[in-house]
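Presented sequentially are two complexes of chain A, the first with chain B as partner and the second with chain C.
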Partner chain A sequence: MIDMRVAQYLLTMFIVLSLNFFLPRMMPGDPLSYLTGDPTADMPVAISEEVREKLLAYYGLDEPLARQYTDYLINLAHGNLGWSIYYKAPVSSVLLGRLRWTLLLMGTATLGYVALGILLGALSAWRRGTRTDIGLLVSVFSLGSWPPFFLAMLLIILFSVKLGAFPIGGAKSPTGSNAAGLKLAAEVAYHLFLPSLALVLTHLSGVYFLMRNSMLGVLGEDYIRTARAKGLRKRDILLRHALPNALLPIVTMIAMHLGFLIMGTMFVEVVFAYPGTGTLIYQACTTRDYPLLQGTFLLIMAFVMMFNLAADLLYSRLDPRVRRA
Partner chain B sequence: MRRLLDAMREQRLALVGLAMLALFGLLAAFAPSLSPHDPAEMDTPMLPPNRPHPLGTNDIGQDILSELLYGARFSLFIGFLSAMASTAIGLCLGLISGYYDRVGFAVMRVVDVFLAIPRFPLIILMAAFLKPGLRTLVLFFVLLGWPRATRLVRSQILTERNREYVDAVRLVGASDLRILSRHLLPSSISIALVRFIMEFQHVILAESGLSFLGLGDPTVKSWGAILHYAFEYPTIFISDVWVRWAMPPGICITLVVLALTFTGFSLEEWAEPRLRH
Partner chain C sequence: MRKTVSVLILALVLANLLVGCKPALTPTATPVSAAPMLIPGPTSAPRTLTLPGDDWGYPSPFTRYPRGPGYIQMSFLFDTLAWKDERGMIPWLADSWEVSEDGTRWTFYLQEGVRWHDGEPLTAEDVTFTFGYLKEHLAPGFEALSEQIERVEAQDEHTIVLYLKEPIAGFLSDVAGSVPIIPRHIWEGVEDPKRFTGKEAVIGTGPFKLVEYSKEECRYIYEANGEFFKGKPVIDRLVFTKVQDEALALKTRTVDAAFFWGKEIEAVRELEAEPNLEVIEGPSFWVLQLIFNYERPPFDKVEVRRAIAHAVDRSRIVEQVTHDGAIVANLGIISPGTDWYNPQLSPCDYDPSGAEEILDEVGVRGLSLTLLTTGEFVREAELIKADLGQVGIEVEVKSADWGTIDGLLREGDFDLAISGHGGIADPGMLDTPTWPAMVYEDEELDRLFEEQGKTLDEERRRALVWRLQEIIAEKLPVLTLYHPKIWCVYDPAKLDTWFYTKGGIATGIPTEQNKLVFLKR
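Presenting the complex of A and B:
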């Protein structure tokens, strides 16, 4: 069963790789517009016929499609993602420099929304039907409906511009970039706060709601009634008996949610000009740096799919009942 | 008492959600007669709110209120159409693949592949390379939307087809077609409806995201596109123009998504009584 899942993910990855190869080639117009930018752009680059042929030969674009395809796969296997036109550097090295910022932001946000979601979800279930529950339900839902980029813009305007409490963007302050050690860490955390907050608030609803439902289910079980009948304190029942069992679905949820989180992270990065991979995709789109766009895309896809597979496998480990299905 | 409270809460949420949706639907439907200007028409740029332009004008002198009303049209239309198509395809395929095992196996392998692909990054890539118009955009959303509905409906059919009443009708001599259309289809309508709402929500958010990144259909005014141009405007954060330029489209997107959340939540509780302990 596990082999089957892995095989299926490998197949999917192969399809993604192929899409990544064929999509640019389906683009309307000259294959070189991939390099020189859009022919319909304001200033298309004019090239002579001779240069054109040389360029085509140089990039292997005059080869038959099948040959180009195998070359592409071989290059990928060597970790060669191509050459970024805008940065004039290998795509892989541009990506590596950006990746840590995205991971930092996503990691912080995940910790935040999972912890807060579990806490509020459990509280809501425990107080089911009361004013607390309904208040939480409505406010968490309302927060979850904000498009991340809009909430991020509002946070900047409120906290950075009006109150001046936080930086308006970036990951470090431009003047203090030679700070080191603890000072640097403090500065990074200071810049990290608002973007993470935007992500935590917009992604809270999934975990919160799942936790609430799962907790409601657990609270209805016989062993909780037994615990109550034994006269255990409320807090002990909640933390010792109910919580661990209600947590199980959360694990899968986190991994499955990663796709959403990446989408949110991307927008938040763009709005805060955070130097991560999301901003990179935005830049790649606006500067028409197609190799960079494809490289970033592949990295993100591989990352999400890896996590999804891990969640699948982990879940069947954690809950023996799923293994049969 | 508690159950009564729950029932009231659900009903009220559904009512609020539906009322908000209806309001936006009306605004969208009557956008041409409600908006004071043609959204493409250009006046003086960056006019503050005044009589002819209640929300002022944008950086190229277009009336923001009119842009907003036409934006409602576009966002709701693309969301409704894509979600409808995905759900309809999912419903048909789910019915067939839940009833016939062999077809089911084949369809589910395709569904698994689709579900393993992260949707939004792929949409961005496709949009960046293929420069979609309205129709292509709908096609993308449907292409990536049908597998979820299919899986959901199929699993519903898988449990439903083993119920005694299905055996009973079969014994009376009902054909497969009749069992599918008269008995199994109605049983999965509610679940499909929930999926439709969620898909609607996803498409609205995804489309506004794409347009916010500047990857949507450049010829159409959508809420995300208004936000895109507002965000690109150099002094948007520092001056007070954001109140009349960035705020309204953002609030519109949020309200529509919220209305869908309310409706979907109430529907879900109604469709799956198990959640109602």
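Presenting the complex of A and C:
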């Protein structure tokens, strides 16, 4: 059973790794096409065929494809992700430099929307049919139907331009800061607030609705009636008996939702000029930076598989029935 | 259950720690006091200037990214023998120079008392070393040096002689005014300069020193070089930081100046109305073109290309798509903002019935073509499609990313494509091997290109370049569409010395970010 799963994961990994290598190379164009640029400061790059060949050789792109593929696999086995052609730096350092910001943003947003969704969902269910419930339903539903980048732009206009309360973007003070420790943390949090708010608001609805439905189901169960009959306080019934049981589907949902969150994060990162992986993937694609593309795809693969695995494991822990099945 | 939650929290805490930040368990945070306010003016308080930026690579001559902005970042740290201001070439590291009669021997006399950021003196040896090193190692922008330069000699500590294989017409601006001089004592032992990214790699003689570079946050911070040979810059701290919307960033004073082009004219008009901002407009060294695949029918016939040129209403594109944020290009490609522009080219009038006549004459009817474009120029493509529909040519617009289009152009697998390029300030740069107009084979065109490239006499060279433009306008390897205008909008209280460099910086970068802007002149 376990072996099967491990084998499955390994096979998936191998297939994805190979796709990572071949897909970018199947796109027309190559990493040396620099023809067009921004008109405000363009300096055309004049490379002759000779120079082009020299550059291809420098990056090892003149080797036969099969050779490049085996080199890629061997390097990967040694933990070497290669050298980014566009960024002129090791792929691993380019990726890690950005990844920590994406993780921070996604982590904060996930924590925010999950906590808020659970809370509001439970509240809605508990107060089913009241004004609170309907108000929440309508507002969460309408917020959830806005694309994240649009909401992000609205937040910037409202909080940054009109009120001047938050910065319009970036992860730290634009002029750079020598802050350290708590001051740095405060600065980072200050810049993190609006982007994560945008993500929390747009991703709230999934958790909220699921929680509300699941809670409604649980509240109708016999053991809740028993708890009521025992004369337990409302709060205890809700928090100790109903909530844990209603949470089960949320875990799966968070894992499944991750893909959407990554996408939403990419857009929000762009709008807030946040130094995450979002723009990196886009840049890697447009410049046909093969090593970097392989690296970013690898990263995404690692993420998705990790969360699948986590959901698999968590679910069986949370629900003993799954474990025994 | 409790365990799960604590695992989740732990993961987040770790993610937080990764960025060197205390665990921020709630998404809310207390705002810290706003960024330090800087008072400009006559006080001796340090002056900071913040400009919108992006990541253009570690600013060494070898690790910067190969386009204009990457060069500009490097130019704050490294100097060249000559430089340019709003009127043209000026002495820089070399305070004078002379050239032999036949144009193959250039002698440069170095400015005395110039020091590298690390305190070492600049000598002729550094200059000879630079050219030798650049010939051996490919640096973006200077790949052709080994084909141009025979040898470089130091006559004494301050005199350098460069021997060229052939005279180069644009030598002063394209080589002497572009090649960054690097310190021999640092680069001598560097085997692979593309992977040399230490602090030493950014030691130059320039007006600024690099304090911080962040690849992921796209930030450069420079501080003034107090020992700079032309005097300490008036800006003490120069910052480039990434912003998503430059207009918004200028409005909120996140940045002190912003740069715009073409279709962004709406933002410029809006900012112009603000009381504390000023605008300057620069020359346009960029051209958008309709590229014909002249290697296969129907565009192998020059008549068909001419018919298309008459069928496309280029001024309507400028009006409706760019809202007059551009000027209609003339057919010779060279920018009207330069000395090389030929104003006598016959204009190409919008004349759909004339176009139809031509098509009838050559018997090309019922065409159905595809037009490739990047997403950026889809609206231009739609108008072209409508115009060509008027003369009975059916066009399908296909939009793809630049890499895809470039690939298809290389393989010659297309009918029509829309694309643009810069560098049209300098007829020398126009001879770029990958540009469609230049790959076009025409004996006279090739001969003229070669000849103008070797002609030092400006008047004679101009005559050749004018003839060159006539041929391009006649043969139409591409149809030029428009030159987008460019603007610099700035807060004069922060800095009011902005100007546009004549002929563009170095090989023709049309930017207002000339390092002279930051100096006392």
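Everything that follows uses one rule, which is that the second predicted complex is superposed on the first by the 267 of 325 C-alpha atoms of A that agree within 3 Å, B and C clash if a C-alpha of one lies under 4 Å from a C-alpha of the other, contacts with A are read in each partner's own complex, and residues count from 1 in each chain.
Heads up, the rule we're going with is that contacts are C-beta pairs under 8 Å (C-beta built on N, C-alpha and C of every residue); 3 or more make two chains touch, one makes a residue touch a chain.
Keep in mind that this is a model prediction, so the values were computed, not measured.
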Item to check | Touched partner set for A:270, first chain B, second chain C, both or neither | outcome: both
Checklist entry - Given the touch rule stated above, what does A:144 touch, chain B (first), chain C (second), both, or neither? => result first
Next on the checklist: With both complexes overlaid on chain A, does A:186 touch chain B (first), chain C (second), both or neither?
Outcome noted: second
Checklist entry - Touching A:89 in the superposition: chain B (first), chain C (second), both, neither? => result second
Checklist entry - Of the two partner chains, chain B (first) and chain C (second), which one does A:27 touch, if any: first, second, both, or neither? => result both
Checklist entry - Between chain B (first) and chain C (second), which, if any, makes contact with A:107: first, second, both or neither? => result second
Next on the checklist: Looking at A:301, would you say it contacts chain B, chain C, both, or neither? Reply first, second, both or neither.
Outcome noted: first
Checklist entry - Of chain B and chain C, which one touches more residues of chain A? => result C
Next on the checklist: Tell me the contact category for A:168 with respect to chain B and chain C: first, second, both or neither.
Outcome noted: both
Checklist entry - Taking the superposition as given, does A:220 touch the first partner, chain B, the second, chain C, both, or neither? => result first
Checklist entry - Both chain B and chain C contact which residues of chain A? => result 27-28, 156, 160-161, 168, 270-271, 285-286
Checklist outcome for this item: The chain A residues in contact with chain C across the complex are 27-30, 33-49, 51, 54-55, 58, 83, 86-89, 94, 97-98, 100-101, 103-104, 107-112, 156, 160-161, 164-176, 181-190, 192-193, 196-197, 200, 244, 247, 251, 270-273, 275, 285-288, 314, 317-318
Next on the checklist: Please output the residues of chain C touching chain A within their complex, sorted ascending.
Outcome noted: 1, 4, 8-9, 11-12, 15-16, 18-22, 24-32, 35, 48, 50, 55, 57-58, 63, 65-69, 71-72, 138, 140-141, 143-144, 194-195, 197, 211-212, 214-219, 221, 237, 239, 241-245, 248-249, 251-252, 254-255, 259-262, 284-286, 374, 401-408, 410-411, 419-423, 429, 431-435, 484, 486, 506-511, 513
Checklist outcome for this item: Listed in rising order, the residues of chain A that touch chain B in the complex are 8-9, 11-12, 15-16, 19-20, 23-24, 26-28, 128-129, 134, 141-142, 144-147, 149-150, 153-154, 156-157, 160-161, 168, 213, 216-217, 220, 259-260, 262-263, 267, 270-271, 281-282, 284-286, 290, 293-294, 297, 300-301, 304-305, 308-309
Checklist outcome for this item: Note: in the complex, chain B contacts chain A through residues 2, 5-6, 9, 109, 112-113, 116-122, 124-126, 128-131, 205, 208-209, 212-215, 227, 231, 237-238, 242, 246, 250, 253-255, 257-258, 261-262, 265, 275, 277
